[in-house]
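Here you go, one structure.
All chains are identified by letter, namely A, B, C and D, in their written order; residue positions are counted from 1 within each chain.
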Amino acid sequence: MLRFENVGMRYGVGPEVLRDVSFALAPGSFHFLTGSSGAGKTTLLKLMYLALRPTRGLVHVFGQDSSMTPRTELPDLRQKIGVVFQDFRLINHLTAVENVALPLRVGGAKHVDVDSHVRELLSWVGLGERLDARPSTLSGGQQQRVAIARAVINRPRLLLADEPTGNVDDRIAVRLMHLFEELNKTGTTVVIATHNNALVEKFGYPILNLADGELTIRGKLDSKGAS
Amino acid sequence: MLRFENVGMRYGVGPEVLRDVSFALAPGSFHFLTGSSGAGKTTLLKLMYLALRPTRGLVHVFGQDSSMTPRTELPDLRQKIGVVFQDFRLINHLTAVENVALPLRVGGAKHVDVDSHVRELLSWVGLGERLDARPSTLSGGQQQRVAIARAVINRPRLLLADEPTGNVDDRIAVRLMHLFEELNKTGTTVVIATHNNALVEKFGYPILNLADGELTIRGKLDSKGAS
Amino acid sequence: MFNQHSDLPFERDQSTRFLPWIVALMVFLGTLMFAAALLVSDAVNNWDTTLTGRMTIQVPEYEKSTDDTQKLAEALQATKGVSSVRIIPDAEARALLIPWLGEGVVGSGLPVPSLIDIEIVPGSKIDPVLLQERLAEIVPHVAVDDHRSWLSALITLARSAEILAFAILALIASAAVLAVIFTTRSGLAVHASVIELLHQMGARDAYIASQFQIQALMLALRGGLVGATAATIIMLFFGWIGRGIESAFLPTLSLSLMEWLLLLLVPAGAIVIAMLTARLVVLRALERMP
Amino acid sequence: MFNQHSDLPFERDQSTRFLPWIVALMVFLGTLMFAAALLVSDAVNNWDTTLTGRMTIQVPEYEKSTDDTQKLAEALQATKGVSSVRIIPDAEARALLIPWLGEGVVGSGLPVPSLIDIEIVPGSKIDPVLLQERLAEIVPHVAVDDHRSWLSALITLARSAEILAFAILALIASAAVLAVIFTTRSGLAVHASVIELLHQMGARDAYIASQFQIQALMLALRGGLVGATAATIIMLFFGWIGRGIESAFLPTLSLSLMEWLLLLLVPAGAIVIAMLTARLVVLRALERMP
């Protein structure tokens, strides 16, 4: 599903943010990605969702070597990846519903099918009252939930979430985690970057930890929570 | 210092986000502001930092009724308020140092005084290596720290921070809290909106809690932490 | 079906308010300039061909005699390079003077010189001085006028005006291109994050580019129509005003159907430029993303 | 001292690349249009005043006699509304015909009618028909020419061209204003968050507005200089080309110093408009913030 071989990454002439990162994630697995601020979590996710090319090493996504894949085939790969960006990246001119519907539309879905499905999901994440609000009129946590709904709406095969619970309280965070687990049960591979240790401990999935540009995989911590 | 009298707030024709909020904060006090996502924390802070006018009720800042203050005097009030925005609001075209120096420059400070002071503060929050980086090349947590440095650089009399630790790990969060306490000791009134219950418990300052548009003040929880 | 426009909400972008106006203005000015250039070009070509292929031989009134005129005409006919010879009747010669001396004077019997027009075989050259010397053997004070002396400066001026009009046309065109490039780019700057997002979601470059392209087309179309209509109104108005003078020495102030069609190139060009620029700018920006 | 410009990093804004060019183009076109309008206006005014205040009395050559001419002049002098009377020497009358008949013909003794120019007191009217009837008592075939008949159409045309030039000038000016408004607004859209941030930090409206204003001033200055220089070069070039023809019947192709100074209004106006628009747009946006 996802395989990194000796991946190194540096921005411009800066120092290497990632050094010799190698790992493989099985299809349908669920991982947390941890590491202190600036450790390279977002960078690693960007490599996974094909927004960056590694400066060295190989990145395989869905079994394809990302740097060997012709440019015209990348859109198809990307359509199968759902991303929750750390900074949300909602389109300010569109309503919450329209924002969430975007991946479906890019994928070529028809209008009628889309709408009720989108509204249902938004209600589920607690935004039933603000369906037609523009992102700029939503609170921080509400925006984050729209971003999450948009990432999962088309049931991607790979879901990458960058700090998806940074702006919501614990109750909502758990609810969102359940959403991810739900998706994971249908076969989606999930990677969630987070600083929220309580959540990591509570759900106890295996951890990809970044420190000094190196990646280590730890198994489940002592799991107290669901899963 | 800060006094709200029967403040009501609604956006446009929407429902009232805040209803009959009344409280007073003593100069030099330190409060957390809690409430679930969408409860109105950011709205309350916006009223405090004079970016919104209440739809009804009175907001007194530094002893002045904000709606009676002539427009030409508001800049002086604003210069005494430091704000950490939930979405950072860094200027992408400026370096970290330039971003942090902005309040000093708006206040009319000279170039030479500014620079070393700014660099020192940024190093203190752990950005000594990325002083001249543009915000877009910083990680989420690094951006948040630049935003915090900018809010405190000119030692404001009132510091309002909206979810200032949402993108950093616990170790850095504690360090940032110490920065706020430091400032608080020199007389600055501090209000910090947060979802991080661990932090609220650890530091144990009194809590302004928003629920259903109503505000309640609770004293210190059982304080385990410093202060 | 999925409405392509709804992804990128252009209508809230400042630049979309401006593009139609700048295109309208450019098309308006461009069409007028082009029309002016065509008119001047027509006139100059006209003078040029009628005058370089023509000379007038004049016999002063006091030496005028039908015989001499006839002899001159025969001598001219025999001259190499002369294709036709025409003796201008006095009435016609007088008519030429009316604008200058007033009908009263001319009509009341002003004596006019004998005039003989000759046409010259295209391409061949006849030196007016040598010709005059030869003809002076028949009539001493005969004068050969090749019309060039005083018209050549006028032709130079008109040719320069023509070049200027085309240069301004080129400038306006490049300004229009610039305006479209800028508008599209500024749209891109405002929507850069949207474009990046769509790209990340797996939208193909052509899908994203076509949204900008269609938008640019619609805006430029609106602007082009306004500009072309305004220019047409001005031109018709001018043609109507200039009608009274057409017969005098000024160039004719009307365009041929062919030229009207040529003028359509201006708005059409503006619209095509707008569309292509939008497409290219967006595609180039997208190509920089992996 | 604190460098005002560094807060708002305009130099990375697309719109700043464009504004100088659009201002340059507008100033270039505007200056040329204004110059053309001034030239046409000069010429028309010239024709208008010299011709409406003037009539020519002509006596056909076969009735010409010094005595009669003298008598006519006296009669004219006595006519109400005539301010001056001048008998035109034959040499001068001939010179008038040279462009039309060629030097050869005229120089070799073409008989010309007697011509008397009269100037009319500004504001008073003399009916040429009545005058002619009165003068015919002295010389039967005298003709009075008020020059209007054939020139009026030309004057109408020129006046229309003048109006068109000024209208295009106005259009260009409004396009420049639009361009500046748009550029400033799109700058505002890109920098809206920065402006809001500065406002929140306690920056005064004037401080924020002056940054945009200075920026607009610098950009417009650059554009204005380029445009004005280009226009000047074109005009000098044209003046030089047109020099040879100045003496003929075309209007003089040179501007007075006063007119050159007037032309400076175009770039100056563009720069002031750019500055003020920037200031106003920013201030209006700021006023909406509490």
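Convention: contacts are C-beta pairs under 8 Å (C-beta built on N, C-alpha and C of every residue); 3 or more make two chains touch, one makes a residue touch a chain.
Computed from a predicted model, the values in this text were never measured in an experiment.
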Using direct touches as single steps, what is the fewest number of steps from chain B over to chain C?
2
Which chain maximises the distance between its CA centroid and that of chain C?
B
Report, in whole Å, the distance between the mean C-alpha point of chain B and the mean C-alpha point of chain D.
62
Please work out the Cα centroid separation of chain A and chain D, and write it as a whole number of Å.
67
Distance-wise, how many Å sit between the C-alpha centres of chain C and chain D, to the nearest whole number?
22
So the centre of each chain is just the mean of its C-alpha atoms; given that, what is the distance between chain A and chain B in Å?
29
Residue ranges of chain C touching at least 2 other chains are none
Within chain A, the set of residues that touch 2 or more other chains is none
Viewed as a graph of touching chains, is the assembly arranged as a line, ring, star, complete set, or other?
ring
Determine which chains touch and list them pairwise.
A-B, A-C, B-D, C-D
Going by the contact rule set out above, which residues of chain B touch chain A in the complex?
11, 36-38, 41-42, 86-87, 126, 137, 139-142, 145, 162-163, 166-172, 195, 197-198
Inside the complex, what are the residues of chain C that reach chain A?
1-3, 6-7, 9, 12, 193-194, 196-204, 207, 289-290
Can you list the residues on chain A that touch chain C in the complex?
49-53, 72, 74-81, 83, 89, 91, 93-94, 98, 102-103, 105-111
Could you please specify the touching residues of chain C with respect to chain D in the complex?
13-15, 17-18, 21-22, 25, 28-29, 32, 56, 58, 60-62, 96-97, 99-105, 108-111, 113, 132, 141-145, 150, 153-154, 156-157, 160-161, 164, 168, 171-172, 175, 178-179, 182, 185-186, 189-190, 234, 237-238, 241-242, 244-245, 248, 250, 253
